[in-house]
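Next come two complexes, and both contain subunit A; in the first it sits with subunit B, in the second with subunit C.
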Partner chain A sequence: MTQPIDISGYTRITESIRTEAKRILSDGTVSAVIGYTHVRRKGSTQPILITNPDDSEKLFFSEGCLNNLVVYLTKSKKDVPKTGKIGIVVKGCDLKAVVGLLGESQLKREDIYLIGVPCNGVLGSLINPATELNTKTIAAKCRECTDRMPVGADFVPPVELAAMPQMEATYSDKIAKLEAMTPSERWEFWKEQFSKCIKCYACRQVCAFCYCEQCVCDRNRPQMVEQSPRPSGNFSWHLVRAIHLAGRCVGCAECERVCPMDIPLNLLNRKMAMEMKELFNSEAGFEVREKGPLNSYDEHDDESFIR
Partner chain B sequence: MHTEKPKHDFEPKIIAFVCTWCTYAGADLAGTSRMQYPANVRVLKFPCTGRIDPVFIIKAFQQGADGILISGCHPGDCHYISGNYHARRRFAAFRKLLEFIGVDLNRIQFSWVSAAEGGKWVDVVTDLTERVRTMGPMVEFKDLALEEQWSGGLNSPDLQEIYEAM
Partner chain C sequence: MQKQITEANLRLLIDSLLLKGQRVVGPRQSGAMVLYEPLSSASDLVFNEQPRRSAKEAFFPICEDLLEYRKNGQQIDLEDIEPSRFPETVLIGVRPCDAAAMPVLDSVFSWDYKDQFYLERRSRTIIIGLACTSADDACFCTAVGLSPGDSKGSDLMFSHLVNGGFLVESHTDKGALFLESWKDRFTEPDGSKTLPLAQPEATPFDLKKIKGWLDDHFEDPAWDSIATRCVGCGACAFVCPACHCFDIIDEGTEKSGKRRKFWDACGFSKFTNHASGHNPRDLQPKRYRNRIMHKFKYYDDKFGQNLCTGCGRCIRVCPVGIDIAGILEEIEKK
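Right, the complex of A and B next:
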């Protein structure tokens, strides 16, 4: 049964974002603000970077604002100016990416001004951007979201969050289903999924945590990951991606959204996040920490699998 | 002095990623003590278990390994203080990932073998070899390497049609 989701707060959020962006740009708090703007197609959005206070009218927030803008703060996006303080519009999930990057010394807290957005969820995709937000069209990540209020942002629009209807959790259900299968069934499932991959690397491009100057998958002496889009190279790429994001991925699900072949990439990431919680009691994105679960250790870690 | 070797239909390829300070020395000890262990194991020497990247395991499977052994110093004995502690966490996570993807974890063995444990090295290698032998060859990754992206098969009606139209 589809239930509509109350997003009446988004108009007031838009107003607050505009006035706040205008204020911080004109009094010199920030040199630029990264936010969302309208595009010609109704309901669709795109990221925008504004430096002029008069442009703040271009900013807005709606259920179509899917992008995780935090990726523009990383060193992999060289065309975004990194001088001075930068204001950025973040949803709760994006804020967790900021927290992760702060811990990995990729950002300095004093260099960013966070405009947090109390979020009632966004659409799953912009293929039909003018659709109404309801329990069916909402993004899978929003169904099991626990961080609708951005915590620790510099400015949060004074808007009360509307109550959300009950929704079933997509990822945990799928993971449980996969875990119940036999290994060979799981292998068949992933083989089918990964065979679709065309190695466009959109998942890497859009990920806030894939900021390496040179990716191990692009190196060819020695070549660890086959680069052509063939099944064996695809497997290596997706496994390497999953293990490199283990304990770091905050679940913004951008990889899954941008994938042109609809590979359920976030399933792998969620599975690894669950394992990290179970094995090392560690969850990404809630506190700024210098070391994640895989670059720290405890002498009493479980070693029942080692003989 | 050599005992008669039994003939097997299938000789698995075992790739052992070992640390140079403990397990490599342990394997060396087994050799100098003239202990017998299956010749199926190919030893790759690394400075530390912390140097062993999960991608090496994937690569080994793709290149035809049937079983993988990863072995290094006991916790607390690492030459680089904490390399094996880090490796322990990394492989705890990576084996969960492999399991989720559908790889049988019986093909991958982690162990601590010190420089003095030549006998344990022999046990570990023999166990793994015999276990993998009963499981048969690892075909999943090898099949992938042979497969092309085109999932429809090269003699599908669609392609035939296109070919005839040309």
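Right, the complex of A and C next:
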């Protein structure tokens, strides 16, 4: 049965974000703040970068604030000025991306000011943005979220989170189904999914961890991966991405949300995360790690797969 | 010429076409999405949902082979793909915002270079449009000079009748010929009313005024505030009925392979990357500016048309909520 989700706290969070953004811009703590703002369509939102304290009024937080804004802090987004300290609005899932980037030496903690949002979830999609947040419309990642309160942010709006209704964990369900398949059935499943890919690279462009200045899949001298949107090249592309993200992906699920062809990309990433947890007892969290599991060697690493 | 057809007769007609071996493409369920895809039976056709991608791919596919090469010792054998082998196609259930893009694209694909891959498909296809009876808040065809019942680009235009079935209007010789060859399936109009057209909440833009601003504002701070948020994917261009940029690449091995043509997008950072490494559009706002300029200025300068039919797809799929209708509104106010 569909149940509503209490997001009455978002109004106070909005006020709190505005006040804080105004304060840190006015007193020179930061040179810019990246947050969310309204757009023409009711319920829709878009990222905004403000530098003027008076523009703080443009910021807000709602169930439509889906974007993981952390992507704008990476070196691949050259348009966003990286001079001075930057304030950024993050949900718990987004904050884990900051943590990952700190561990990969892509960010310095002293260069960012984290405005953490206590979060009761966001919508799964903005295709029809004027949608009420309930147990049906909520993003799949929010169903099984354990990070509603951001940990280690510089500022968190003093808002108590409302209790959440019980929801089924959709990713674990789907992964269990995939695991129950035979290898050839699984192959067919992913083959069909990847055949839908049109190589728009929205998944890569919104990913905080796809910060390579030259993606291996864009190389043509020599070509490393077939670039044309055909089944073989599509498969290569998605496998390259899954492997590159293993042990790094924080599950913000932006890739899956933005895919205009509805490819369940986060399902693949969640499965990889489960493997990382099982093999290396490693998972994305709020603690900065110097080295990811696939960048380090430990004598106790499981070697049973080598036969 | 006006005719009428019941939904049952339309389905029979489609099945007859399919039985004859005719290729029929129309909106159908494809996984969880609706896409324009070849129908395998008349029951596949869905009327009530705008396909996720536009109908341009019937003429300009996502990816197609241009030629094949094989190396034999010192000799290289080339084999062309023969565009005259493309099948005759009935493209049915086409949204007015998709059909309207076809005459616009004809200008560029038959301009200084005649693109036989596009043109041959075009000449072998009849477009049967279907008037829209519902719109969402991303739809804005009425703002760019079109309407949910516009017949631009359609050979035949279908409109839902109040009591089921469709009113059919022929707009080209191709359309009239089709009605003639299947006259048993159609009847004379009995005066039944058509369903009210969709009413997108968009008021017409002053496109001349917008172009006037674009003419003088290649450099303007507005581009930064509009498009610094653009993450540089190709989603908008790929779902767009009018975007038509493509890349050509040779794929294969030293011994054999294919030359392929596939969709490209001006949002990609490598779109204008020179072999030297220099990129004249080095930042995202410059790339997004090109999207707007191409649609509402350059194409107008060259062909007197706009590259936007207000289908709203780019607004729905943009990962960062960039709203082209909102941007045009903003420019119009300047």
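We adopt the following convention: the second predicted complex is superposed on the first by the 304 of 307 C-alpha atoms of A that agree within 3 Å, B and C clash if a C-alpha of one lies under 4 Å from a C-alpha of the other, contacts with A are read in each partner's own complex, and residues count from 1 in each chain.
One rule holds in what follows: a residue touches a chain if its C-beta (ideal position, glycine included) is under 8 Å from a C-beta of that chain, and two chains touch if they have at least 3 such contacts.
Everything numeric in this text was worked out from a predicted model, so none of it was measured.
Model built by superposing both complexes on subunit A: subunit B and subunit C clash.
In the superposition on chain A, no contact is made by A:Gly292 with either subunit B or subunit C. Applying the stated contact rule after C-alpha superposition, one finds that A:Arg230 touches each of subunit B and subunit C. When the shared chain is aligned, subunit B comes close enough to touch A:Trp190, but subunit C does not. Legend: residue contacts after superposition of the two complexes on their common chain; A:Pro165 is shown touching neither subunit B nor subunit C.
In the superposed model, A:Leu49 lies in contact with subunit C only, and not with subunit B.
Superposing on chain A, the segment of subunit C with clashing C-alpha atoms against subunit B, chosen from 21-29, 183-191 or 201-209, turns out to be 21-29. The residues of subunit A shared by its contacts with subunit B and with subunit C are 229-230.
If you check the complex, the residues on subunit A that touch subunit B are 178-179, 183-191, 195, 216, 224-225, 229-232, 235-236, 239-240, 242-243, 246-247, 268, 271-272, 275-276, 279-280, 293-299, 301-303, 305-307.
Contacts from subunit C toward subunit A in the complex involve residues 30-33, 52-53, 62-63, 136-138, 224, 227-229, 231-235, 237-239, 247, 249, 251, 260, 262-263, 265, 268, 270, 282-285, 315-317, 319-323, 325-326, 329.
Note for the complex: subunit A touches subunit C at residues 39-42, 44-49, 67, 71-72, 77-80, 126-128, 130, 192, 196, 198-202, 204-206, 218, 220, 223, 226-230, 233, 254, 257-258, 260-262. Per the touch definition, subunit B reaches subunit A in the complex via residues 53-56, 58-59, 62, 75-76, 82, 85-86, 88-104, 109-112, 124, 140-141, 144-145, 147-149, 151.
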